[in-house]
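Below is one structure; the comments refer to it alone.
By letter and in written order, the chains are A, B, C and D; residue numbering begins at 1 in each of them.
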Amino acid sequence: MKPELKFVDVIAQQQRRHKRKNDLACFEHTFRSEVTSVYPLTEMETIYRIQIIDPEERKRFRFIPGQFLMLELPGIGEAPFSISSSPSIHGEVELCIRKAGNLTNYLAKVGRGAIVGIRGPFGTGFPMEEMHGQNILLIAGGLGLAPLRSPIAYAQENRSHFREVNIIYGTKSPANLLFTYQYDMWSRDDINLHIIVEKADPSWKGAVGLSTDILMKILSGRSDDFYHNTYAIVCGPPVMFKFVCKMLNTFHIPMQKMFVSLERRMHCGMGKCCRCNVGSTYTCIKGPVFDYWTVMNLKEAI
Amino acid sequence: MIFRTFKKDELKKLVEILAAHNRIVGPVEAGRDKHGSPIYAFNEVSDFNSIRLNYTTTKLPAKRYFLPFQEDLSSFRTEGGGWQKIIDYNADKPLIFFGLHPCDINALNKLDKVLMHSVYPMPYYAAKRKNMFIIGVECIPQTFCFCRSMGADTALHGFDMFITDLGNKYFVEILTDTAYNFLKSIRTEEPEEKDHVLYMKAVAERNKKFTTRVDTTDLAKILDMEFQSDVWKHWGEICLSCGTCSNVCPTCYCYGVEETVDLDLKGARKTKTLHSCNLIDFAEVAGGHNFRPERHSRLKYRYYHKHRGFVEAFEESLCVGCGRCGESCLAGINVPEVIASVRGGKIKK
Amino acid sequence: MKTKESDTKTYLGMPLYRPKVGFFEFSSCEGCQLQIVNNESTLLDFLSLVEVVSFREAMTEKSDDYEIAFIEGSITRDDEVKRLKRIRKNAKILVALGSCACFGGVNQLKNRFKNLNWVKKEVYGRHPVDTEPVRAVEDVVKVDLKIYGCPVKKEEVEKSVLHIALGKSIEIPKYPVCMECKANENICLFDLGELCLGPVTRAGCNSWCPNSRAGCWGCRGPADDANVEYMKKIMKEKGFSEEAILERLECFGGFADFLKRKK
Amino acid sequence: MKKTINVNVKHLTRVEGHGNIHIKIRNGKLQEAQWEVIETPRFFEAMLVGRNWDNAPLITGRICGICSIGHTLASIRAVENAFKIVPDEQTRKLRLLLKHMETLQSHSLHLCFLALPDFMNAGSVFPLIKSHKDVVMHAAKIKGLANDVCDCIGGRRLHPTRTVVGGFTKLPTKEELSAFSERLKALIKDLMTVAGLFSGFKTPDFVRETEFVSLKGKDGYPFIGGDVVSSDGVLMKERDYKKVTNEYIVPQSTAKWCRLSRKSFAVGALARVNNNFEFLHPAAKDIARRFDLIPVNHNPFMNNVAQLVECVHVVMDSIRLIDELLDSKFTDPRQEVKPVKGVGVGAVEVPRGILYHCYEFDDKGKIVKSDCVIPTGQNHANIQHDLEALAEEYAVRGKEDGEIELLASMLVRAYDPCISCSVH
């Protein structure tokens, strides 16, 4: 026998496995997808509807609210974005993207019909089913409404499963408000929508202040039953969720019932590149959705 | 485990036979430093005589063979508005690694945990790792290594065979049938009782030579408690943020991804480059916000990842105690001193 | 050179912008421009991305109708200031090409001498010559992009131009040369007993000099957050003279701020 | 006869650096012909004062981007001469090989990218990429190979990193060298194609007798060090270069001018070929004869041909050098350097002529004084006198402004001037 090593083909080896997360081929697997609609929301944010091209892949694609995708434009870049649409629609997602740098600026030039790549879904989501039978507080600040739009859609579609549903949405100014066209629809399904801006302009007739102002109003004077049976989902800049969560905590809403979504730099989405680590926890795997207790225990999270 | 012994001159024969049919990577002398001492490196070798079996530690681990500094994750052919993605795991041939020390074998075992045995295994690593045939050798402890403290001074698995010098012959542990079959091409013998005694003596001799110790008791907890400690500021002041420690570390695997378009616009590629958590842009996000803008916060993170986070996830730390980072650091920042200082020890100025 | 066909070039279906570019040299060795002509294997692809309208070193035609102006060299005389300001007016994007343009390059070494008259006399005797203290381009006009190096790396120039054409952002490494040097598996110059500024110099040259076993002289200037103060201490502890360290740091002008701060 | 002619070329193109041409002819008489050098001086000689010896090659290499290798080698030679270091044979051969490749790179750049458009009625090489793609490709191949060899031996093609006082920091591998040897052998065909193209061009007929200065060949065509010789019979030691160059300052130029036996002299490829024809490789001699370049030739436009001849010579000689290097056993590339108080001069034949560097050191190896004399600086006066004669002659022949402008520009370009370098 010749003492010669045989080449081991890992691709052939992994064919035997079926669990996607252990499948070697899923690492760089990209769903070729088409941008089916582009709708500008504000000067900075645009909503992109993206559909997986292959019908089989489309059928199999599932996600839970709170999860994110890696969106790729070959040669330009790849970046993580929260899925901003209803989990009941398969193989088609909406991403609300703010112009922030290389990829996102380039995306702003891409029109309907462009072919992009998506990988995912990745990360943890909001435990919507666990919340059944409970009150929910959906609190967003600024672009935080993007990840929140998916649980809102879920709450809307499954309205009967929840008790009281409150959405609190705050932005800097009326011009920054996202998804204005959907507000009526949200209110219609017995969802209390509260909108507040930090700085009004002459046309603004709504509330002015911080989202904590509204939260205070909603929470004050409620019964212990309310506090004990309420879940909160908080999305927004770190300063905002820090204050909101602190307030929720003073009303004794359990920290494990408050959920936040963290944003970090990400290059893989699969717990390999380490760029998203908080302390030494992978935001892409253990997060981006964390309960507040966990966040409190993470070094350098906020 | 199956044990054998063979005469010293058989080793050359074994390497020559293997070299005739396979590619071999081994420790060689890459140059001499200003004092005339040899500097070692892992390189592809074809001649047994260029292998330095009694090498101390290589400056860099054999990382480029399983975690290359830079590799393409995929390439694209772009035409009109469309594109096609082409994926290549960049492994095409098996490689024999001749002469890895226990720490470097243990480093691979640690990398396996995160890169192969966690969710989303990394095919680029797996493709190369599965094609490594490893012949380990016993090391000579150096003043800067503390593998013993990290529990990485002996390799129990992760190799195909492992040889120990018994004076006039080699003692070999055989872990895989491939290794067993390879050994058929030379003359080996069943070890006798006196070989076992000799082996035990050799190991004890070596163990006596470990001089540097790191106290790892409750380290994960202590690191947590000392998160705000001022000692980090001291190390941050002298750290150059140059990334050398990560580059020479056999277990550092963090990376960044960049996409580039070919100059002729006909293609594009997605390239992975090893990064270091000590580099300024490691945790910088769009808009310029940096989660770790200060040097000390980045340096601290490196220790947290290795000695706390990894422990939490895999019940062992991501450091084998090879001491390479401390040896290469121009500022002299090294694991034993940093950990001692976090535990409340004095810092040498 | 004008060609119509490439006006329709696209990438991923997006039309490409084909900028008109001009190359202009000031006080310099013209090596950075030469680096561009020196890229024999990729020159044609490069030229199809841009429309070169002014490049005195290579062509006779010239035009003031350009969008990107590549400025090579430092500014040492009044007529240069005027010319540079005129170019700034015409150009949408002004690129400082190479260390001379970015920091004054080796030329700024004459600024070491407080007395410019001594400098003039040393070279021209009593003959009158016109010269001013050397300035970097950004000390005279606004600079939109800096491409570092003495000389520049052609790959970096090509990439920058490609990214402008594509509308992609241009990223230059923020970390130091050591990172690339270790990736290239070089023996550290300090192990060989030589000086090297790799730990504080901005990467992007792929550790050009250390690859040749020659220490880095810092031609690309400091990396972001470069720890120059401590590096100086390290070099001194390794037995290098204060003078030798200073000569290195001041050679290309990139570390001028660090040297000033000390005084 | 044309009575009035005005030629004003501001910032002559396709040359390195900034220079202007002014010609004024009134009533058929030459009133003014001026070669004006307006380049900004950078004061390299002053910059070096007070700095350590190891700075010299690194900094002076930045005098010129085109011949940075030549500057580095001249600087190294000056330091080595001052410190009494004698480079060993291996270093000498590698340096010569590096030098050859710079010559090939620079000559091919000048011939095919800067001079060629004049003969093909184009403003630059860019349109030729479309119309004469094959020629441009041959030229790019020649230049590319030369640059690749420079990368390999010098560390990079421009501002070399491996060349130091005492030798090299790192050697090329023999595999690399032998691969280049093969590529160089194949390059002869490309050179012949370019030669074929140039043989179809008409060299303007213009002759002005001049003195040619170059290094003197001893056991080969001269490139690095040795005695200085002139076609008027002057013979000097390298260290006495000042007696050859006799620099002086003129108002119209920031570069200094030179003279020797007459009011001006010429250096460069033509001077070298004229003075050292016998040492050329036979293949190079053949090309010279094909173009009627027989010494002593006094037509400055023939410098282009001389460059072509040298291209052939350096390719042939490089193949020989590589063969010899491959047969030798590589030794330690770098000698130890011990500074000595004193003066050292290094003369090197760079593409455009003899380059001198001279430094004076104190006992610690600090530079006390430095001086660099650049080939184009030595040619300026000659260019001026050629321009005068050319303008006069062609005015008499009744040429138009445009034609005279082109001829005058071509004349200056034929010298392949490195203007910023000459001012430094």
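Following the convention adopted for this analysis, contacts are C-beta pairs under 8 Å (C-beta built on N, C-alpha and C of every residue); 3 or more make two chains touch, one makes a residue touch a chain.
Here the structure is a predicted model, which means the values were calculated and not measured.
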{"item": "Between A-C and C-D, the pair joined by more C-beta contacts", "value": "C-D"}
{"item": "Closest chain to the centre of mass proxy, which here is the mean CA position", "value": "C"}
{"item": "Geometric centre distance via CA averages, chain D-chain C, whole Å", "value": "25"}
{"item": "Rounded Å distance between chain A and chain C, as computed from the means of their C-alpha atoms", "value": "43"}
{"item": "Whole-Å gap separating chain B and chain C, where each centre is the average of the chain's CA atoms", "value": "37"}
{"item": "Centroid spacing, where centroids are CA-atom means, of chain B and chain D in whole angstrom", "value": "52"}
{"item": "Multi-partner residues of chain A (at least 2 other chains)", "value": "73-77, 101, 113-115"}
{"item": "Touching two or more other chains - residue numbers and ranges from chain C", "value": "11-13, 166, 168, 171"}
{"item": "Sites on chain D at which at least two other chains make contact", "value": "none"}
{"item": "Pairwise chain contacts, counting only pairs that touch as defined", "value": "A-B, A-C, B-C, C-D"}
{"item": "Chain B residues touching chain A - in the complex, by the definition given at the top", "value": "17-18, 21-22, 73-74, 76, 78, 81-83, 85, 87, 89, 91-94, 96, 114-115, 118-124, 126-127, 130-131, 133, 178, 181-182, 184-185, 224, 227, 253-262, 267-270, 275, 277, 282-287, 291-292, 297, 301, 304-305, 308-310, 312-313"}
{"item": "Of chain C, residues touching chain B in the complex", "value": "9-13, 16, 42, 45-46, 49, 158-159, 162, 166, 168, 171, 174-176, 178-179, 182-183, 185, 187-188, 190-193, 198-200, 223-227, 230-231, 234"}
{"item": "Complex contacts: residues of chain A adjacent to chain B", "value": "1-8, 10-11, 13-14, 21-22, 24-28, 30, 32, 72-79, 100-101, 104, 113-115, 117, 263-265, 267-268, 270-275, 277-281, 285, 299-300"}
{"item": "In the complex, chain C residues that touch chain A", "value": "11-14, 166-169, 171"}
{"item": "Chain C contact footprint on chain A (complex, rising order)", "value": "73-77, 101-102, 105-106, 109-110, 113-115"}
